[in-house]
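Order as written gives the chain letters A, B, C, D and E; numbering starts at 1 within each chain.
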């Protein structure tokens, strides 16, 4: 679980006019892939530049242009111009830290969603989707996504070819949402491992790991929660871009988001309790250490005192009261016996208090 | 209280077309049981295959087909086809980690509920219910359920035979909800036991047990809360499948869910406080141990010092200032008296501070 | 403050037909008391059986039948039949763990409220109230209630006699709600006592007592909160059973519930903080103990070392370097001086750190 | 910050008929002050009894009767009768623990607000305001209030004289709300002081003081929060008693309450964190004490052992293996050297761990 | 991160008539800057007094008067009079602790927003904006703001010149909101640093720093949250002052506020967890210290006892039982061997418990 250390920077300087496009410093060079399809037909190609795009995009059927990489702000502006997309939406395309949302424009819907980058991390990548009458336009931060199964369904001529652009948009949203299930599963395993370790072998690095997974879950929460509103807005939306049939599928998609939220909040609650358990495990260990110290010290300090007592150098020759024990026939055995009695007595006291071996029994 | 370690896996891979049916890896082989009844008539049988089902299901009265086990995806699809059930709903039937919900389709209601597997565990089993005009179709994960009293009422020709399919659906939902009462009762006993033990004999395994019961209650919460919305949706629903009379019974059922939620949240709040009490019990014990160590060490370390003092080997023959006590007539008794005075003084100090025996008095 | 250990059992087995009446195992034998009144008239009697009841209940004016004890399920059913009360409501009458609520039926309102059993406990007793056109029917778990002042007002021919059955129902609800004020006052005193003790003399049993009062307040909360909704539902209700004038009185009653909730939440918040204060008091005590141990040990361990040093038996006759101090004229005073210097130095160090006596000063 | 220890007693016994007036045991003797004013005229007098009041109150302009002290229940009832005020409202006048609220009656609005008693305490005093067509009637618990600036504005013939009774009511509410600003400021200073002390010099009484200020803030919260609803209800209210112009002023007043709530919640959140900081300060001190103990004990216990070793009395004359060191020429220097080496080694170990002086550096 | 210690004082004394203007004690002398522009024209000047202002402000196009410094209450009143602004709004202009809000008056909108003073602090400065038909009036507490880019856009003759006063108001609000991004970024870095340090090198001042950043985030929260409502109110507002096109831009601005809130709450949640991590780090250190003390004391106290034992002075000449070991040939080696055996045995015990070096391994 790596902690995403990217700050949530807005690149556009405060006070700029709205619609100013400035590339994110980590943005990558773009590639464009176009899929045009109709029930009996499929044209898939990588588009080199805006001129070729202008030529290829016209015609009937559904067109899906997928732009990977947002470093070339001019290209983004040109593509936006070609599809007559609103400037404010384009600004959100290159500012890649948007929350998932839907915005209704006259000519198109603008949808922002986020998909996980890999199952092992909480990092997410912004996907901006424009849904028009017969096209879908997607902008991703970098190559590599979870849309290959959708592409495959288009290529295999499945039912998706018979349906409109809104169904394609649904399929993409659904794929990006379902991609969170393995991510949550992975984090759930980490939480379970931590929960098992925290009582059996709590160590120093544990707080750091617990805080790490809590932070990951917090990051995921920020990505997943707004998707719920986003899908819900699509379902309730009265625009002409989403058909009643697709709304039914979106309802299913909504169920999935609710399930994600449910699982996420469960893990968050469990993870929240871990610090408490860790602290109580550490307290229990401390208790055990203190008990040992107390037992050893409490037994040997009095014994040491007795030994010290008979190590005193009072002169027995001066008076019969000066350490007569030193001259007794059974003096040394008496002293040893005294010490044994003290030691056994204290052990019995500890045993009665249940400090010896009791831990084992439980 | 076993902790359910089943991960919340969605089996359908991300990007699949909606309505793809893939069996859960732990799904069991199906058995089908059909009950057809009308006020004066009952036909109950185990149905071997889809052909026999097609023949048996036609006719008047109410038909209840109960499918136990979801391993045979083809059978699920065939049964769904026979009752003209929507494909998206069938996907939810085999994905057995759904939250309770109601979905309205043109020809039927699709209801998902969850019933507890046994009173001693927080594990639940998904029950998918299709309610049509004159049929009820139920899909369970495995044999064994809480519906036997309902079957008995049908067999005994009770009032249920005179009422429609919606009343049967209500009876099943009511039975699955009432089955949570013993589960919560059992967990309440565990919480009470932990609360009693945590002050009387806190031990090492306690955090683990508290965390276990908290996790169980969290799991139950995820199963019970959405049932409230589910029953409420059925009551408010304007479809033709639920009659006004059944709505009255569902209101009663709603009361039961609210009561469950109420009890559950009470237990959760009590369980939440247990870790704090545990920590304060451990602190109190630590305190007691430290007190003993302090008393023993504080008394015997000064005494040991005095003994060590008179064990020094300064030569009294060199000067009258060199340890004259060693040559005194009452030297040794003086030393013993000094030690006794120190010991008694310290004990008096501890007694005044209330460190001796005070714990007993309280 | 006794902790109510009664589990929240629903007695009706899961899967029973709705309206099944099964007596609570702790239910008591019933007594019936009837009051029939009109402005100039009052007929009050204890009714022996259902036959006598049938004869006495007819006539004009307002009839209030109060049934104390729910062990006789048949009697409950007969009374219910006489007043034509719905079966589902009767099931709730004998299942005595209902949350306060209002249910509207065609012929009557069904109201469930809870009244405290005694000011010193958090236990509550269910009161089921049926409000019809000209009758009020109340079912209580056991004899003894907070309705005597209402009975007295009826007997004295006060204004209540001139008003309808809805005003009587209001008077009963108001009395049962006002009975919570002394209960909360008592628990508030306990919270205050605990708060005072927790800093002055924290002891072992304190966590148990704090948890006890928190649990009591939780129990009261479960009884009081739904009463707010209940009264509010009566105020907003559009049925013909509650007149506009009585609604005005119910608004006053609603104010009282809100005040109860307010007081309750304040106590809950204070009680929540007590565990923290307890832990910090215990920490402070531990600190004090450790400080004493540290002072004594830190002073006497070095002194003991010096004493031990001069107790070594190196032979001064072998070389001038072997413990020449032992043969010095001022050897012993020198050793004592060294020890005094070490002791005073350490005391000065502790004093500068403010470990000595500082606690007193504050 | 004194803690208000008055219990929240309702004096009217449970079951009393609504509208029963019983004086609070701490209620004071009443004084009545009447101000009658119109643009060019002002008549201000102290009214001795109800007869005089009846004579003085008639006429045009606005009449403000201010009753200070609620011990004389009969007077309250007479005044209420004179202004034809509802009995239920009068009950709330003498039960001085009401939450701020607005109630609409046919002839008047009934407003309850609370004003702080002094800036240094969280105690508040109930002010009951009746707003009629051309009169304002205020009941306060005791003499002394925050209305003198309003009286002054009336006396000086300011704009308030030209406006109606509703503006006067607004001015009184505004004055009582603004009086909370110095109270919160004072409590904010206490929170800041505690925050500064808790890290620099945490002491025993601190938990008590933190709990005290938390309790004060809780008390203030109970007084301030409902005022927000109260003012909002006045703004939204459709009755004829509040003019559109006064509504504009009330909107300003609403802003002030929201600001109060905002400040209050900020202080509450900071105060909540103080216990945690206190505990961590105490832990840090404990740590420091333990470190000192460990350093001293860890260094001197081994040294003491070496000294004890050479204090043993084995007889060197019996064998060359019996403590030959005692007879070495450099025996004593060797022993001293050994001890120095051990001491220096341990100090180096502690230094490397950063236990020495490191605290200073930070 | 400096903690803003300015108390939230309302300067207007309680009971003053509404609309009383009293300058904040820290208010600065005012300067006025006027920009009048239309598509092809720009007139920018510093205005000396109210007379010059009256002459300059008339004419067509959009006028933006920016007043920096609020010490001169008369000037504020004059300017307000010139633009016919409501008195209540002017009171809020000089009371500089308002929460962001929108108020609708007949002739203008009154908007309060707050902008950060510097990226390194949580302190904010109030900006009061009046938006009329063709003017914008801004009042700031002191010179220096985040509006320079907006001024630059006006000077450069950008698109802003072609749009109305409402677009200018939007641009100012947008600039003041975007200015929070660097502030949050800076605080996020502080939180990250603290999180890194708290596990690697927890020290005494850390609680103070954690509390400091929590308090800063709380202050920012009080400034940012109400801006969300403020922008939302502008979007939903039906007044004639905001055009549909500007509403679209405000929607974008709303997105930014939501993003700010999102980031802020994330940091707050992380910061909340830091105290827990700090406490657990301190506990872990304490544990380590106690372990060392226990190991040293537990090994050397028994060894010291053995040494003390053979330092006793029982007289071997009196009986063969008196310390015969002292006279053994291998006596001393035997004693040393015994001590070694005890030491090694205890070390083995500690090793088996994993107390030695185990920390390193992890």
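Miscellaneous remarks
Operating definition for what follows: contacts are C-beta pairs under 8 Å (C-beta built on N, C-alpha and C of every residue); 3 or more make two chains touch, one makes a residue touch a chain.
None of the values given here were measured: they were computed from a predicted structure.
Each step here moves to a touching chain, and the least such steps from chain B to chain D number 2. With centres taken as mean Cα positions, chain C sits 25 Å from chain B.
Taking each chain's centre as the average of its CA atoms, chain C and chain E sit 40 Å apart. Among all residues of chain E, those that touch two or more other chains are 279, 283, 286, 290, 293, 297, 301, 304, 308, 311-313, 323. Under the stated contact rule, the graph of chain-to-chain touches is a ring, a single cycle where every chain has exactly two partners.
Those residues of chain B lying in contact with chain C across their complex are 146-150, 152-153, 158-160, 171, 174-175, 178-179, 181-182, 184-185, 188-189, 192, 195, 199, 248-249, 251-252, 255-256, 258-259, 262-263, 266, 269-270, 273, 276-277, 279-281, 283-284, 286-287, 290-291, 293-294, 297-298, 301-302, 304-305, 308-309, 311-315, 318-319, 321-323, 355, 359, 362.
Across the complex, chain E is touched by residues 5, 7-10, 12-18, 88, 91-92, 97-99, 101, 103, 203-205, 207-208, 211, 214-215, 218-219, 222, 275, 278-279, 282-283, 285-286, 289-290, 292-293, 296-297, 300-301, 303-304, 307-308, 310-313, 323, 325-333, 335 of chain A.
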